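Some structures are shown below for you to check.
Shared between the two complexes below is chain A, which pairs with chain B and chain C, respectively.
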Partner chain A sequence: MTTLIENPPRPVSRTRRILGRNPLGLLFSAPYLVFVIAVFAYPLIYSVWISFHDFFFTAPGFEADRPFVGLTNYLTAFQDPAVIRSFGNVGIFLLINVPLTVVLSLLLASGLNRIVHFRTFLRVAYYVPYVTASVAVVAIWLFLFNGDGLVNTVLGPLAPDPSWLINSTWAMPTIAFFVTWKQLGFYILLYLAALQGIPKELYESASTDGAGPIRSFFSVTVPGVRPATVLVLLVSTVTGANLFTEPYLLTGGGGPDGASASPVLIMYQKGLQQGQPDVAAAIGVVLVILVLVIALLQNRFAGGRD
Partner chain B sequence: MSRFQKILRGVVLFIGAVAFLFPFYYMIIGSLQTAPDPTIAGAFPNPANITGENYTAINDRINLFQGLLNSGIFTGGVLLGTLVFGVLVGYALAVLQWRGRGVTFALALLVQVVPFQLLMVPLYVLIARDYGLSDNYLGMILPFAINSTAVIIFRQYFLQLPKELFEAARIDGAGEFAVLRRIALPLVRPALITVVLLTFIGPWNEFLWPFLITKEAGLQPLAVSLANYISNVAATAANPFGATLAGAAVLAGPVVVLFIVFQRYFISTDIGSGVKG
Partner chain C sequence: MKKRQAVAAAALIVAALALTACSRAGSGGSPDKHGPITIWYSNNEQEVAWGKQMVEAWNAEHPDEKVTGQEIPAGRSSEEVIGAAITAGNAPCLIYNTAPSAVGQFEKAGGLIDISSLPDGAEYIEQRSGALSTQYQNAHGDYFQIPWKSNPVVIFYNKDIFKKAGLDPDDPQLSTYAGFLAAAKTVVEKGGADFAIWPAPTSEFFQMQFDFYPLYAAQTGGKLVVEDGKATFDDKAGDDVGEFWSTLYAEGLAGQEKYTGDAFADGKAAMAIVGPWAVSVYDGVNWGSVPVPTKDGIPADETYTFSDAKNIGFYTACVNQGTAWDVAKFSTSLEQDQKLLETTGQMPLRANLLDTFPDYFAANPAYAEFGDQAARTVDVPAGANTVQMLQAFRDEWSQSVIFGGKDVSQALADAAAKIDEIAKQP
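Now for the complex of A and B:
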């Protein structure tokens, strides 16, 4: 039908055969493709290259000899107990943050999806922490959670001693709760989009079959939003593995005594402060491999067979 | 669902909303206190304990105007790059048939899950050392120049436009660029606002990258100078909490206001499709 209009019979030129019907598409996309190669693809490969070489900072334009050193950087990195500890810390973070994020954002989104009154007010309330700068909300949390801040005043004798962020047991969980609160609005948004895709009839037939609200939540909503759940798991894991700003500012650089240091914070300290970019790159490569493994496992167990 | 359950749901959502908003309210209260008051009474405005001094105190240490201006230039550069080049790719992906289209679309999805922090070391080496772009707006903007989520949202919107519109214009002899500018673009205006909102919060709130690349205080975006204040200077200030909260309020203000004004463009389906593809 329309193909007749857009494709009048004429000899196909050679450029069109190679580049497709509208070679202009490639031209329109060229800036973006150059950007992706320059900012993502090349640095990604460069990062792996750095991790296998003796790499150090030099003045611009100065060509230094950078010999291949095999796994030396990886050994240097993982013989350091601080690095091992930071991976353990981010593990604790993910164990608290990821399940809490999935459960809370799904529950809140399904509540928000059905509410009739104050819809806009409620949605905006949940999105506001997400759109605000981490640095700004960190300032508020420092005020709320310091030794004699409002939270401890309210809790009175129940407050932990030493206080939350300077307590080696509580520092990491506090950061995990903080980040969950901060990011939740974004995941609520993803679940709200997914909930639009569940046909109303499914709820109706569940209800005629005698399912109560809890039953229909588990047999209609949860399976219906499964692709979104896979996405929420992936994005929250990647975001969590990238934790930097919160330990840097909330606990004064991963304190107390390294209890809240994250791998990215260690990468910053080793790579840019102590001038060992090769060791930092090795930590980064291991971190990404671990995240990929976790993502694959999540996909395997939460993704189902569809 | 019974009436009782509906009321219960409303109450739970309201309590949750208060928990999400309270810290922001407390930020404003705290930024206006002469002396920090961590008691429960301190969570309510007290005329005897109100001052604007914290705002002048923070301004003396980190020049709020310069910080806002730097954040604005950084964010503006990213917005410009995303709007110009993002629209072009989005259009090419949705409307034009060309070899490499599938790969480009896959790349735009993939890029969104690449952890930026893995790129921290090589990007720092390339941009700060090799290209000499540290303490430079261009160096700040470069890694964020085209937002990939925006590319996907543009594609999604252009896909929804009826193909016949483009065909008619082409038959009338319009070039592809003219079709994009005169026909497609005016029809996707809501997408432009959604993309501006979504892209805005990235660079405005970004801390790690501009922190790495700017050492000169006069070039730092507000998030970076406020963070430096928190980690270095706050301990020596008269009312460190008040001054920090005043800075936080200035940093949070523009985004929160922008977001509330345009919240109806921050629609779940658009952004959901942007992330899912």
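Now for the complex of A and C:
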């Protein structure tokens, strides 16, 4: 007869309970944690705090009264028609830019994945606008889309009047096309990487089952790159919602008459130029919440159950 | 697991609080302290040359109070860089490019020294700049900036284009709105210019200083756009100026699009609204200059305009404030003002400028008109909300005058109402 003796549970030290089984892991992740705290968490928490106070920037050591003002900054911001309009403008931008980015980058990546000749040249060609400074590229687009620019010369009588960048209807779509074109190279790279992960056998099976190239694209490629699609949706939405440089440079500060002003441009004007960082912070907080909601919806509907 | 998450969250909050506490105390400076200081000046070629020689001249005589001069660090605008430096506590002692529109905000931020509080502060400013100095006071009559130099704006016109259009290049008849509009039509129809004039039609707050404001100052004999906390331009003079510009845009005589180069230098526009800096810039253009127009025309020696001044800011981050004040006075002395004129062509904000430097203006007649005009200039309204006011004006101006989407008179009334509200804010 054998007697089973149960080992008594080893006492777990308090330090281990707090730091976990691999305390060294905490040390390794500390630099990133510090980065996230300093660059992301602290400014975010601070801007939420600013948005609920009567706040302005001051010199160190300067005593300034910064009382809690509740929702006053939010009311000030969203009673301004220019702020409301800027959210509408960026909505138009996202509606054009995000779907266009997803569709074009997937189609171009699929094409680039198949071609044999000039593959490297074409990949670089699509990537060049992405790595070129916006300031330089904007100048070219100004020449292209000005009243007497190349685009209007080609279109002749079909050119809009007033021209693209000073046309209330066309200014924001023009910016959306510009940003789509400029960022496309980056998203093509993401899709090219994702395409490498689709097994060749799936295409062969589809072909054996009688699927043509279009059917294969929709039945194999599109589901195969779904994680990349979710990433492209999220990244293009977040960067699009932060639109600033293009309306600042391309349409001269959100013109014509505010038709291309984005929330971040308005935040810049109010926060840095006009000395109202509290109102700018309120706009920023609402923008973050809206982007989070859109991102959650995108993840829910495009990301599938996994 | 939950405990570790709690530890991480606690660490995050503690770190955030620690960062919040990371702020430097005051500079510890005082007007009695002397020693080395740093100054910033503008980054254009002429002002850098002036700044370098001024620093060299000071350092030669004051080896124990060495001045280090450097260009304002690059940024979207000088005002943003200066604002960031104030907040960070690392602004230099003096900045020779402080825009009057930003002074109110810098004062509110505690970034500027009240020059009136120095024993000879206000006296020095008023002695040097005379009556012009009062518009650089804050609401309480204190000086938080040293008036330094102005760039009074006038109309430049291309004599070759005017001649080609059949207009007299020596008597262009631009003093009245009717004459200006007639000449504008002619130069576009017959002179080969794309537009008669092409001021930046963009939405930045400061653009009103180069279309509406000079003409409004001229039309009203030097009225500021905001006086005693009330907008002034919702009146007949404002409507006239608005209608004048509106006609130029509506008839395609002024460009609605942003031009990527210099429309006047490129011959795309027959006229430009510019300051004395333009004399050296438009070296290759056969230009003439006249004061900005008024509705019915007034003599040149009675015409006001926008000053486009840049002043000297004296910053609280400065430790050796005694030296800084001495340098400020040295750099605005008669000798240094003469050098500023000779090097940059910009007008020192001095009373009786023409009489003070008669030899310079005799030798440089192209600048004499600016020297005369410098005595009749207006600047932006004082206060912490100046930029907000100017942006409110610009938004209404863009909608109505430039793009014709609103009645001009109504737009000016709406802008005035907004500015009156903004002026009530602290």
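Structure notes:
Note that the second predicted complex is superposed on the first by the 272 of 306 C-alpha atoms of A that agree within 3 Å, B and C clash if a C-alpha of one lies under 4 Å from a C-alpha of the other, contacts with A are read in each partner's own complex, and residues count from 1 in each chain.
Simple rule for what comes next: a residue touches a chain if its C-beta (ideal position, glycine included) is under 8 Å from a C-beta of that chain, and two chains touch if they have at least 3 such contacts.
Being a predicted model, the structure only gives us computed values, none of them experimental.
Annotation for the three-chain superposition on chain A: chain B and chain C clash. When the two complexes are overlaid on their common chain A, residue A:Q269 makes contact with chain C while staying clear of chain B. When the two complexes are overlaid on their common chain A, residue A:A64 makes contact with chain C while staying clear of chain B. In the superposition on chain A, A:Q79 contacts neither chain B nor chain C. By the document's definition of touching, neither partner reaches A:T15: not chain B, not chain C. Counted by residues of chain A touched, the larger count belongs to B, out of chain B and chain C. Looking at the shared chain after the overlay, A:P31 reaches chain B, while chain C stays out of its contact range. By the document's definition of touching, both partners, chain B and chain C, reach A:F143.
Judged by the touch definition given at the top, the superposed model places A:T208 against neither chain B nor chain C. Once the two structures sit on top of each other via chain A, chain B runs into chain C at 75-83, and not at any other stretch of 3-11, 57-65, 75-83 or 147-155.
Residues common to the contacts of chain A with chain B and with chain C across the two structures: 18-20, 33, 42, 46, 57-60, 139, 142-143, 146, 252-253, 272.
Touching chain C in their complex are the following residues of chain A: 17-20, 33-34, 37-38, 41-42, 45-46, 56-62, 64, 82, 139, 142-143, 146-147, 162-163, 165-166, 168, 251-258, 261, 269, 272-276. Contact residues on chain B toward chain A in their complex (touch as defined above): 1, 5, 9-10, 12-14, 16-21, 23-24, 26-27, 30, 36, 38-40, 42-43, 85-86, 88-89, 91-93, 96-101, 104, 107-108, 111, 113-126, 129-132, 142-143, 145-146, 148, 151, 163-164, 167, 170-171, 176, 201, 204-205, 207-208, 212, 223-224, 226-227, 230-231, 241, 244-245, 247-249, 251-252, 255-256, 259-260, 263-264, 266, 268-269, 271-273, 275-276. Chain C contributes residues 3-4, 7-8, 11-12, 15-16, 19-20, 23-27, 79-80, 83, 86-89, 91, 105, 108-111, 200-205, 256-258, 260, 316-317, 384-385, 387-388, 391, 395, 398-399, 402-403, 405 to its touches with chain A in the complex.
Taken together, the chain A residues at the contact with chain B in this complex read 2, 5-6, 18-26, 28-29, 31-33, 35-36, 39-40, 42-44, 46-47, 50, 57-60, 108, 111-112, 114-115, 117-118, 120-144, 146, 148-150, 152-154, 181, 184-185, 189-190, 192-194, 196, 213, 227-228, 231, 234-235, 238, 241-242, 244-245, 248-249, 252-253, 264, 267-268, 271-272, 277, 280-281, 284-285, 287-288, 291.
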